[in-house]
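Input: structures, listed below.
Paired with subunit B in one complex and with subunit C in the other, subunit A is shared by the two complexes that follow.
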Partner chain A sequence: MNAIEELGLVRIDDRLIHGQVIAVWCKHQRFTRIVVVDDGVAADSFMQEVLSLAAPPDLQVDVLSIEEGINSLGESAPDRGTTMVLLKSPLAAKRLYDGGLKYSALNVGGIGSGPGRKHIFKNISASEEEIAILRYLMDKGVEITLLTVPGERSKAFSDLAGKS
Partner chain B sequence: MGVSLVLMVVSFVVVKAAPVAQEEPVRMNFLMAAIVGIMYYLALSPWFANLGFAVLYRPLVAGTLVGLVMGRLGEGIAIGANINVLYLGWISAGGSLPGDPGLAGYLGTALALGGGLSVDAALALAAPLGLLGSLTWWLRMSLCSIIPHWADKFAEEGDIKAVARSNYIYSQPFLFVIYAVPVALAAWLGSAAIGAALGWIAQHAIWIMSGLFAASGMLAALGIALNLKFLLRGNVWPYFFIGFLITSMMGGGVNLLVMAIIGACVAFIHVLFTEGVAGTQLAGAAEARESPGLLTRQDVFQSWLRWLFFSHACYNWERMQGLGFAHSMTPIIEKLYKTKEDISAALKRHLVFFNTQPDIGGVIHGAVIAMEEERAAGADISDDAINSVKTGLMGPMAGIGDTIQQGIVIPIALAIGMSIATGGAVGTATTGNILGPLFFLVVVAAFVWGVGWLLWWQGYLQGRTAVTNILKGGMLNRVIVGAGVLGNFIMGALVVQFVSLSTPLAFMIGGTTFQLQAVLDSFMPNLLPLLLVLLLWWLLAKKNASPTTIMVVVILVGVLGSYPLWPGINAETGEAIKVGLFG
Partner chain C sequence: MINIVIVSHGDLGDAMIRATEMITGPTEHLFSVPLLPGESPEGFGEKLAAALQGIEGEEMLVLIDLLGGTPCNVAARQVLKGNVECLTGVNLPMLLELVMSRNDASLPQLAEAIAQAGREAIRNLGPMLNK
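Coming up: the complex of A and B.
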């Protein structure tokens, strides 16, 4: 039996493509493709242009809606091992997972503070609802790690969820 | 007759003298220690128009300033350059800070001078200190998360001045206490302790001194390998070896500025051949939007000044530069909105989470100022529209900005500055040239101020399309590809100039003495430094080894490996003696 190639990284980061992603992650691990999966950005041609112009030339950037993501990032997608999937929120991660795009690990890299969100770790905030979603994914067996960039201090979501 | 430009190439021969056991220490008094602590705070403070973090925080500059205060300017510069090698490729992105070059620079130089450690061994002392910086960074980012909540209340009342004060005044006592006080105390109390330890070593175990020297030389290899992890890839890796071989052939004594110019020419040719001829569309060529004319250039400039100084004054986990953004908008809000409700709404609009690279990201502020102006003139622009420009663009601009500022401008300007400062011999120079840190200061200031204002103003003139206009035409990609070539070329040269590693091992075979170093040199000069750099690069890039672990191992190998256990020859008398592996 052929093992399915895991996605290189599935990351929740509401700033999508930025310094940590380009200047650190992409130097630490080899990526050939960044796929932003977000309904809002998928409908915004200006932001799509900005995101593709912002990435270095050797990285392919695609912007997909959640539905497109579920359909085209599956087991038969090319170069899964060097693909980084960027999502804006835990909700997007759940919709992908429930839609059939399974992943075994999820990186929570950055969620800005906002109304209803409380600070949980470093530059990561989350609302009660979002924490519940992460817990749901954890119970499904997804290994969730809070980590801004490789080499930094990280925290397993299971440690955090155990306490609250 | 044309103008003839004479480039002075400083040539010299690196003489491997036995490391000096102990320098005459500077007596560290409380005043000196206090100034060192305050300088470390200042490097992380907002008072230098964004040059604190970009310039004062770098060990080359830190060493210079500490040397000045302690009356050992030349030594301070050399120590700073020595320490800085480890942090050449140091990048802090999105508020994450691995290691602390400023702490290593200020405290490391102070302790080396105050304890009487020889210049070329300072890095081995400073490197572990740099690790402690993560603690204060954590504290800072957490403590400053409180202040935006005060600002929220002031915004509710429409008190513009108080929001501004929260950013740049209320945050500073926190920072002063967590930065200046511990460093001042450590410099004051630590100097004597280091001095005593070195005194004991000089009496009882002089080999440790050689060990610290060897460890410093190897840590320089780690600094270069950390850069190569980013650079040595794709189809530009041969430039690393070209840079190395040219410098090595010339005996190391090449002016790095000259090497950088050669590298830039090579990079230009590489980009021309791989990417084709540059497009004709240039940044700023796009037409300006219709401005309603409520703001003057002076208003926009005032706003930029506040950002230039105070973008990171109250940097914190919760909203990052959110308060800094609101502060930068205060002159605009003051001019555009007159009722308390409008002012309060505008302040609250801009107090939300924001984080980007401060120079390149200024284009966003420019665009937001344009939107605020049009909104005040009656255009239908919602809070959501303004927010989506901010949140949509802050990430991509940070990605580009960090790549260019922290990934290209600062490391290359630093490398050249360090080479000028030490005459091309960071590992072995015992005194430094002030022109090195000055060169670095001028280049970075030109970038931070020049590019910063240019983008801010274009953002205002063109609105958000400034971003795509600037990025179109492929100019950015050309710069990044070219910088990869130049970076590899320079790193190759630095292996020769910055990594000092040799061995005194010698063998007697059939009555003939073979000095290992001479044998290695007959193969290829600087072979050991090159192999060490490549080994560390391989561990970092291919084995995902942690830089901290490598640092600890390197220090241990350098020090313990210098224990005189191996056969060698006394160069003067020719008799057999015991030597360490390195020397």
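Coming up: the complex of A and C.
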């Protein structure tokens, strides 16, 4: 009878933890834990310290590699419902999903502009490859919403991508 | 002369420099690196590195607008360098004090003094004026 507890939020934001945005989300929804899943940050202890400074003091912050994320955020992880998972890119989201960490909803909160990326919505840019990855996840049944912070205008990725 | 670099969201740093120069007159070795809307942390990091290239190895005080914001998270790594200090929560009194006194003390002492000046400049006027 026990339904699997969904992760509180799975979010793509290449800025990861940046104080104000996280604070706004935490007022909207109760979180006890932020987990940054990123191979680069997992190998960078200084950046881990900096990101911990940026988090509200009452939140536990953990940084995991993609592989560690797949292995430790699964169905038996504690406090899944109040865990915010932060990823830098659509590719990271796909690697988690394909690795076995299933989620039903994905928030795209911020992807900065860069070479090969075009602007798609507000502060979100994406390359053709990244759009293809989001479409792949959408076709798997993941509900993808483009939204910086609660209360602002949002957009369903399916509206942008067209139903396929 | 100690270099002063402001990293900020949008035009804040440039505006603070203009406001400071209204009071002190033109200054040197003072510049800002803005994070623009939609800019990625990597893009901002590259811009910051390019801006600092000309003063590599020189003493530098980095003034950061917001603890935990993207300019802060990207620029914080500078503090690992031996001749760099970083302060967050920059306000105009800090910048003014810094421009006027940056040659009077060692960089670590200056960083402490400017942090204190920033805190002391914040006052609740009502009670002070017997409202």
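What we mean here is this: the second predicted complex is superposed on the first by the 159 of 164 C-alpha atoms of A that agree within 3 Å, B and C clash if a C-alpha of one lies under 4 Å from a C-alpha of the other, contacts with A are read in each partner's own complex, and residues count from 1 in each chain.
What we mean here is this: a residue touches a chain if its C-beta (ideal position, glycine included) is under 8 Å from a C-beta of that chain, and two chains touch if they have at least 3 such contacts.
Bear in mind that the values here come from a model prediction, so they are computed numbers and not experimental data.
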Original post:
Given the superposition on subunit A, are subunit B and subunit C in a clash or a fit?
Top reply: clash
**OP:** Name the chain, either subunit B or subunit C, that contacts more residues of subunit A.
**Re:** B
**OP:** Look at A:S113 in the shared chain and tell me whether it touches subunit B only, subunit C only, both, or neither; answer first, second, both or neither.
**Re:** both
**OP:** Figure out whether A:S125 sits in contact with subunit B (first) or subunit C (second), or with both, or with neither.
**Re:** both
Subject >> subunit B versus subunit C as contact partner of A:D14, first or second or both or neither >> reply: both
Original post:
Which of the two partners, first being subunit B and second being subunit C, lies in contact with A:G151: first, second, both, or neither?
Top reply: first
Original post:
For A:A54, is the partner it touches subunit B (first), subunit C (second), both, or none of the two (neither)?
Top reply: both
Original post:
For subunit B, which of the listed stretches 23-31, 275-283 or 365-373 runs into subunit C?
Top reply: 365-373
Original post:
Can you pull the subunit A residues that subunit B and subunit C both touch?
Top reply: 14-20, 22, 46-47, 50-51, 53-55, 112-114, 119, 123, 125
Original post:
Along subunit C, where are the residues that touch subunit A in the complex?
Top reply: 37-44, 66-70, 72-73, 76-77, 80
**OP:** Within their complex, state which residues of subunit A touch subunit C.
**Re:** 14-20, 22, 46-47, 50-51, 53-55, 111-114, 119, 123, 125
**OP:** Spell out the part of subunit B that touches subunit A in their complex, as residue ranges.
**Re:** 91, 93-96, 98, 134, 141, 145, 229-230, 234, 317-320, 352-353, 355-357, 391-403, 406-407, 464-465, 467-468, 471-472, 476-477, 480-481, 544, 546-547
Original post:
Contact residues on subunit A for subunit B in the complex?
Top reply: 13-24, 27-28, 41, 44, 46-47, 49-51, 53-58, 110, 112-114, 119, 122-123, 125, 148-149, 151-153
